[in-house]
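Paired with chain B in one complex and with chain C in the other, chain A is shared by the two complexes that follow.
Our next item is the complex of A and B:
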């Protein structure tokens, strides 16, 4: 982020949106800061695009209000808002050149020629399509169209740039490249970006903060680390990254931890972090596969007994090798657990049927709150 | 009228369909006969319009442009030609303008209304021109409008052309990406500005095509003109009144002019509507 100020760029206050009887956005309260790269993440149909379109002025909220830099824009028409949008299918004007497309907004603002050309050229350089200004909009590759659409929006110096799955039409390699480039452009210009995606990796990679939506509701807002490390509920946890979840029978509560004792001195512990767990009750616990260490049973040695660390034995039932990583599926007393190991020199060489010991650090597992939204 | 209808089909069907090849000699011969049957009268008219003499007998003794000279020197004919041109021009402009507005209006309707309205506006195709002609005459008469009555005929022509115009325009709007207008609004354009800078240039070829089609409908229309004009008749009326008097070889030249004008308009219309994309 180029600005360290925490001024508010956008505020949604109790926004609801209905299509007929169907409620697409439910009581949305959200604050997006100036200069921030903010992503709205969620499964298809959760209301991301609708939220973005209310910001752009293409849909009007049925109740609640939307503030842009402090002023109420809830009912302002799209041409009267200092925001610009990059559309999923670019929507370049096919009867205009690249220059004509990028100059469109400036011409409407009566920017005249030396400055007009200078700003268009400058923006085409920023998105790296300089030299194509005379090209017809139809004669561009997908990646080039994407860049021109970006330039066409950014050249107006919007208070907020809205992007609706702008990379979804590109192939994987180009998409990865554009993710990095978009982020660096955002850094360079310091513009507030509101980015809609249903790709969790993309959101984690690009965003300063992420808002997770499901079924019209905003479930959690936080930095990628917060969202990934401490998801607010089971839905978020499962949607962002893969996850092991199991029931933990509370045998003992001590030092802010709930502990379940298993056979052979094995045990599983979870830091409660404010959650309540009565002895003899059952709580839902989750752990990311990459936080689990897998060791061959013979090599595992004795329990180190570190307070809060966990240790569970099991049998390998599947080995999925994907180059840099290997995912093991292991049958344990907790159920089937997935564990992921980087394929470095220390990686265990395991096959199906091997007996192993799983272990993880005290802070690796967390208590999973029940889903905020059903389903 | 027939040429115009044919080109409306061309415009709405846009993409050529693959036709099964005619293998048998029978159907093929039939096809040739059919084409001969359809085009032989036209051919005869065109041929005799270049006849050097007044006799209507084969083979023609020689070629000349004397009948063209003659009809173009005829003040009554030239005046009628002028009125036909005016009628075609106004029908074209009005047809194009009403066409795009009506088509945009229909496009914006909720789906279940859209189909109904689209059907209703096509009714004039199935309505006998005779009814239209008499209806318009009575209607204007009741309104107390007296001759010159060319404007009444033109109003009828616009009505007659509207279904063809709407077919062409609706097809064009189906292909138009309305999301482009959101992009324009987002960049600061008002509704009107977005229409003039985005919608209009992109559907202009279709509007021109529709206008040409309307003009083609007007230029050889007879019945409505017959019931609504008198001394201020259009070219088809003059041809008709002359035929009743004498067999005038000059009529062949006139008919050929009409034929060329209609065909040209229809072909141009088909070209402009299918030029892009």
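Our next item is the complex of A and C:
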């Protein structure tokens, strides 16, 4: 879901950042829209925090510029930018109460009492810690500190809220709950959120758009569906969700599809979607495990699947049961392939050694572009 | 305590008591040491201060006579005021130097703070008397300051008042106290998380506002400890006033030394010492109270 207004909140233009001789951010070009929930996703050390800190004013870009609502803030100090940050370790002021923490920014802006109290209380209600305003910051649970840190930033009505892995210190259950809440708070207030995480599920769940980074470079920007469904390169594909990749020998190109004929008479096909594939060459093809149907070999004969569906036979070598899902590992002519089935009433009851047929719809597989960055 | 009131102890209270007993047990060696080497001598001192000095002996009956002597004597009152005022001044100056120094080594050059801190420690453990004598040569009639001023033609005669007066006492005292002040302030500043400072900046504080609203309140306990260290050390000192203060500016410590060494009047010396301790404790407590009010 993208916002209808196309106003730009943030622009990175050719931003580079070095620490000594090490380049942490490489030629970053990025536009983030007003009111958007934007996530920067990538593995540890890829430069997410550095990018966020350049937005907040804690690091200065070595070259390029950063625009906030059109004005250049590349070298503005942190206190002169209309952005606020939620830190990974919250960083509440330990010598102040919850109220004092949340009121801090407003007091600096000379907001006086009836309004000050009203706005602080209102924000404490939004993040659901009303009633704790007299508590010392040291006497809060992790989840409460998290909420207070959020209120302390949001109460200033920043143009952009920056969040650096704000949920990483919480336990799984609380994290899931806060993901939903954060998303709904963002929706309610309409503030632009820039959210840093290395958790791909979190990014897919919460974001309007996601930027994927690796080794200081932004590889792809898109909606969760675009990123997951049509990753720009092998790294993105592998980082966002799990993936099967195999080499497809191009025996035939027809109707925008490359087809590989298998020894048993079946075939495997991939939509080229603009990619080029010369006959007799080999291309790299990927498919998500959950897009693959697994059928017992005897039953498979009758089920021809959709017209043009790819089919390949194999033997089950492992069954990983995780409650709602089961992942099968299957040895095929294409190599070892993982397929995921929901454990509903139609789930096949397979054990290691069973002969199966894998099948998938024509648009399920995609050509995997070579990596943009080695690594 | 509440056990006899008929209400059964909750598990929580019992656990609390158990923990208290354990922690007392763990503390026993420290408490014993403290009692033996600090509280004991202090009690002896207080006891002696109530004795009577007669024919170079201290005998019972116990009385307040020594204290009456201390409080009413004009000489002693002058000594006490000078001791307290110069010590306060030295402690405040020492903190005024130590605070920015520590601030700079912690927040401006965080990479170098350990080595700079080590340098300060070396200064602290460098010879105390040696440093006092060094100040004599710097401040003396033929010292570095007078020498320089005469060479430059600023003065024709050496200034005698530099040495042997309150100025020399305070300068040397501050030099002696600065490392003592750096120690607790440094420890307190180490506990200020850099993230908290960034949060304050992010919320709109200038660097100065961060210092005033975040760093100072968080470091205040360390500053108060520094003040207590410095003030106590200064008020109890007698070597610096003896060697640099001349005949004009002795401290109460010099009088105590005189009463013990020359006249052997231990009870009077003990009364002076006890009065000094009480005075110092009151002033430190007062300063702490006021500081906590002002800096929040």
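In this text, the second predicted complex is superposed on the first by the 365 of 375 C-alpha atoms of A that agree within 3 Å, B and C clash if a C-alpha of one lies under 4 Å from a C-alpha of the other, contacts with A are read in each partner's own complex, and residues count from 1 in each chain.
Definition applied: a contact is a pair of C-beta atoms (placed from the backbone, for glycine too) under 8 Å apart; a residue touches a chain by one contact, two chains touch by 3 or more.
Keep in mind that this is a model prediction, so the values were computed, not measured.
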| item | value |
| --- | --- |
| Chain C versus chain B on the shared chain A, clash or fit after superposition | clash |
| First (chain B), second (chain C), both or neither touched by A:191 | neither |
| Touching partner for A:87 - first (chain B), second (chain C), both, neither | both |
| First (chain B), second (chain C), both or neither touched by A:109 | both |
| Partner chain in contact with A:332 - chain B first, chain C second, else both or neither | neither |
| Contacts of A:58 with chain B and chain C, given as first, second, both or neither | both |
| Chain C-contacting residues of chain A that also contact chain B | 56-58, 77-79, 83-85, 87, 89, 91-95, 104-105, 108-109, 152-153, 156 |
| Residue ranges of chain B in contact with chain A within the complex | 177, 179-180, 182-190, 193, 197-198, 201-202 |
| Contact set on chain C toward chain A in their complex | 193, 195-196, 198-206, 209, 213-214, 217-218, 296 |
| Interface residues, chain A side, partner chain C - complex | 56-58, 77-79, 83-85, 87, 89, 91-95, 104-105, 108-109, 152-153, 156 |
| Contact set on chain A toward chain B in their complex | 56-58, 77-79, 83-85, 87, 89, 91-95, 104-105, 108-109, 152-153, 156 |
